[in-house]
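Following this message is one structure expressed as structure tokens.
Chain nomenclature is as follows: A, B and C, assigned in order of appearance, with residue numbering initiated at 1 for each chain independently.
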Amino acid sequence: MAEVATTAVPQRVAGRLRLRGAAPLAGTVPFFAYVAIFLVIPTLVVVIGAFAGDDGGLTFANVKALTSGYIMDAFGRSILLSAVSALVGAVLGALLAYVLVTAKPRGLLRRVVTAAAGVLAQFGGVTLAFAFLATIGLSGFVTVWLKDHLNVDLYANGVWLFELPGLILVYTYFQIPLMVIVFLPALDGIRPQWREAAESLGGTTWQYWTKVAGPLLAPAFLGSALLLFANSFSAYATAAALVSQGSPIIPLQIRGALTSEVVLGQQNLGKAMALGMVVVVAVVMGLYSLLERRTAKWLA
Amino acid sequence: MTGVAVHLKGLRRTFGTVHALDNLDLSIEDGELICLLGPSGCGKTTALRVLAGLEDADDGQVLVGGKDVTALPANKRDMGMVFQAYSLFPHLTAVENIEFGLKLRGRRRAPGRAADMLELVGLGQFGARYPHQMSGGQQQRVALARALAIEPAVLLLDEPLSALDAKVRVQLRDEIKRIQSSVGTTTLFVTHDQEEALAVADRVGVMRAGKLEQLASPADVYQKPASAFVADFVGLSNRLPGSVDGASISVLGTTLPLVSPGAANGDATALVRPEAVSVEADPEGAGRVLTCSFLGPTSRVTVTVGETLVIAQVASGLIPSLAPGTAVCVKLAPVPVALDM
Amino acid sequence: MAGVNARRARKQRVLRWAVLVVLGVFFLLPLAAMVEFSTRDAQTWPLLVNWPKLSGTYPDLADGIVASLEQAGLTALLMLVLLVPTAIWVRLRLPRLRRLIEFLCLLPLTIPAIVLVVGLAPVYAWVVYFLGGSSLTLVFAYTILVLPYAYRSIDAGLAAIDVKTLAEAARSLGSGWTTVIVRVVLPNIRSAVLSAAFLSVALVLGEFTIASLLNRTNLQVSIELLGKSSAGMSVAVSLTALLLAFVLLLLLSLLADRRKSIKEPA
């Protein structure tokens, strides 16, 4: 009897303790359940589906198919589009951010431009595509003006707006604002004392930029450029609205795979392409976060 | 190049309606350490920055070693500067920071000289550390080493200790004084802490609203304040009513000489230092103890004499006899006093 | 006397205006073109502001607009209900879970919408089975999309007010956890919550990828479809949506400014 009593009590106490430790967790169950269903499961569907064969077994055929000509070309074009738009966006965006940082911190200019940047960075997609169609589309404002006033036919050598050059131009429209948003905090972190110290030690403006501000901003600039790259690589809506025929870039290839009703195998190929995209973006974002940490150490 | 004289002549700088510098004249002798002291907005930092070339005066001249440098940009003036915060370049080590100015001038002995300067400020082992790995006090020492490494004509210190802990502040200000004396560079030190100014300076310049109220040795500024503002800003002052007669004023029964005689006869307010007030328990005394605060080596006693409140600084040994409510006799030492305008 | 510093300030000003003018033209030109394009047919704008006539002439567009507005509102709501209590709860009681929550909330940044939609198809098959195929069910996916931005905003708000101390003070005065959350923490993170809501609305109004590839309707999808038949009207609607979003985000930044100015007494 005594033995039963002594073992019963610790069990009950332990049970109560365990319950107390678990109770707060219950408050997070809705969140985790939701994220599991609508984020984790879709991610797993893509990752697992990329290696799923037509028969349901494991296969590398889909991933291997990624290396086939037209898909590799699409990856290549996606990377080219992302790299060029990121570079142009980074340089021009950094310039605009520099202009903002030299203006009054609470002034109207900075607030309006920052708000505009916030909108334009987020709200790409269809709206942007139509805006460019209205500007330099076949019957756009600028196209018509050039033809009427300067006798210049923008599309004498083909309609480039719906191909890579056009996409690069349109993507820049949201890359520049995104650069402003992402790079501005780093510029704010540059203390005026550093410039003044460099000057009092005898440095010229050029020496200040090459020996102090340049090295300090380099990680932030690079990181922001990488973020722009990832953003451009992942973009779908703008290209979808502009390009109705053909699929020059990977996101449009995925569209093709999803909307094609041909074979189930195509579906899994779409998943493999999606996995490829995730890998590229994940690598880029990983590098970005490493650079962010360096920036935070110096310019926080 | 150490030990040059600096002259600021008739500097004027206006921001809208505010006179940051109002016809300021200041001369620093070679090798001297002058402290500019004053409340925020008095123009002391503006004066330093105009001397550095980081700001332009609307009018006036800046002469360094006899040469007019007013039109010279900051990077051509031979000056070393230490800032209140963010002095060091965060992406360079301590040694690289110190070498910065030397490398710009193409000095090949840069590493050796940098190491020497690091030793001078007592941080010989810290060469490879980055600013974020150092404490505030250590960063300011490296900043000082960096400024002195280029052997500047003038050393400029813009409230270098204001962002540091109290104890570090006291340690570092003695260090700065020691280093400045040994190197002998003409120095301008800006601060709002009067104790700091009195401890460090060869001469103290008290500023108000863009003008220099008094430029004198720390002892003179404290004991012979040129104006009520100086007397009030540097140290504590009692405001005691009295009446002026010729070159002295009669306060609480004592006749005290005036620092600046020539005031009109009649009622006036004298500024008396707490340590010039002595308090003694006296059952027939005119005063009553109000409060008593133990401050360590000395104590502060507030006494009411009629309608007047007097603050006295007494030796802590007297405290037991000065409990609140005790009748006391208040006496004033016969040192010269200034008048409250 | 022309000071060196005054000269540098002037050079900066010249550069500022040069850059602003050039980039300003680049960014305003498409907007101006949209105005010009949409007014080529004098009927476009009057029709747009006349709701009954609009829904009669372009029923799909009207459906899309209504759907987007409902989606935006519901997403903001779902995001708030899901994220705010969780963020507060984790900060107060489960600090060790913070890294995991942060990772999950920032994960959508690494998973592009185009990839997410590939994996969402089977999940949505179940959603349709339980809740039908209406466009409103997109709200579930949208809440995931807004997670990174909403979480960053709310987390920043919580970090700024030192939740732990507030909660401890409230608890020591005798409040239960619900009171702590509702009456102590929430009022203090009002602007962070509002900004998270604003960001969610802006994002949902601009979303196209998931709606289009899951064959549902929203504002952007209907604009795209409309573009094929009536270019002028589609441009007019795009412009309106863009301007609305701009006003929204401008209000948001003014809100953030006001909070900052309260914290820093001049």
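The working rule: a contact is a pair of C-beta atoms (placed from the backbone, for glycine too) under 8 Å apart; a residue touches a chain by one contact, two chains touch by 3 or more.
In this text the structure is predicted, and so the values were computed from the model without any measurement.
In this assembly, B is the chain whose CA centroid lies farthest from the centroid of chain A. When C-beta pairs in contact are tallied for every pair of chains, the largest tally goes to A-C. Taking the mean of the C-alpha atoms as each chain's centre, chain A and chain C sit 16 Å apart. Centre-to-centre separation of chain A and chain B, using mean CA positions: 54 Å. Between chain B and chain C, the centres computed from C-alpha atoms are 54 Å apart.
In chain B, 53-54, 73-74 are the positions where the chain touches two or more neighbouring chains simultaneously. Taken together, the chain B residues at the contact with chain A in this complex read 52-54, 73-77, 79-81, 83, 85-91, 100-101, 104-105, 132, 143, 146-147, 150, 156. By the touch criterion stated above, chain A contacts chain C in their complex at residues 24-25, 27-28, 30-31, 34-35, 37-39, 41-46, 49, 92, 95-96, 99, 102-103, 106, 109, 111-112, 114-116, 118-120, 122-128, 130-135, 140-142, 173, 176, 230, 233-237, 240-241, 251, 254-255, 258-259, 270-271, 274-275, 277-278, 281-282, 285. The residues of chain C lying in touch with chain B in their complex are 1, 3-6.
Across the complex, chain B meets chain C through its residues 53-59, 70-74. The touching residues of chain C, counted against chain A in their complex, run 12, 15-16, 19-20, 23, 26-27, 29-34, 36-38, 82-83, 85-86, 89-90, 93-94, 97, 101, 104, 107-123, 140-141, 143-144, 147, 202-203, 205-209, 212-213, 220-221, 223-224, 227, 231, 234-235, 238-239, 241-242, 245-246, 249-250, 252-254, 257.
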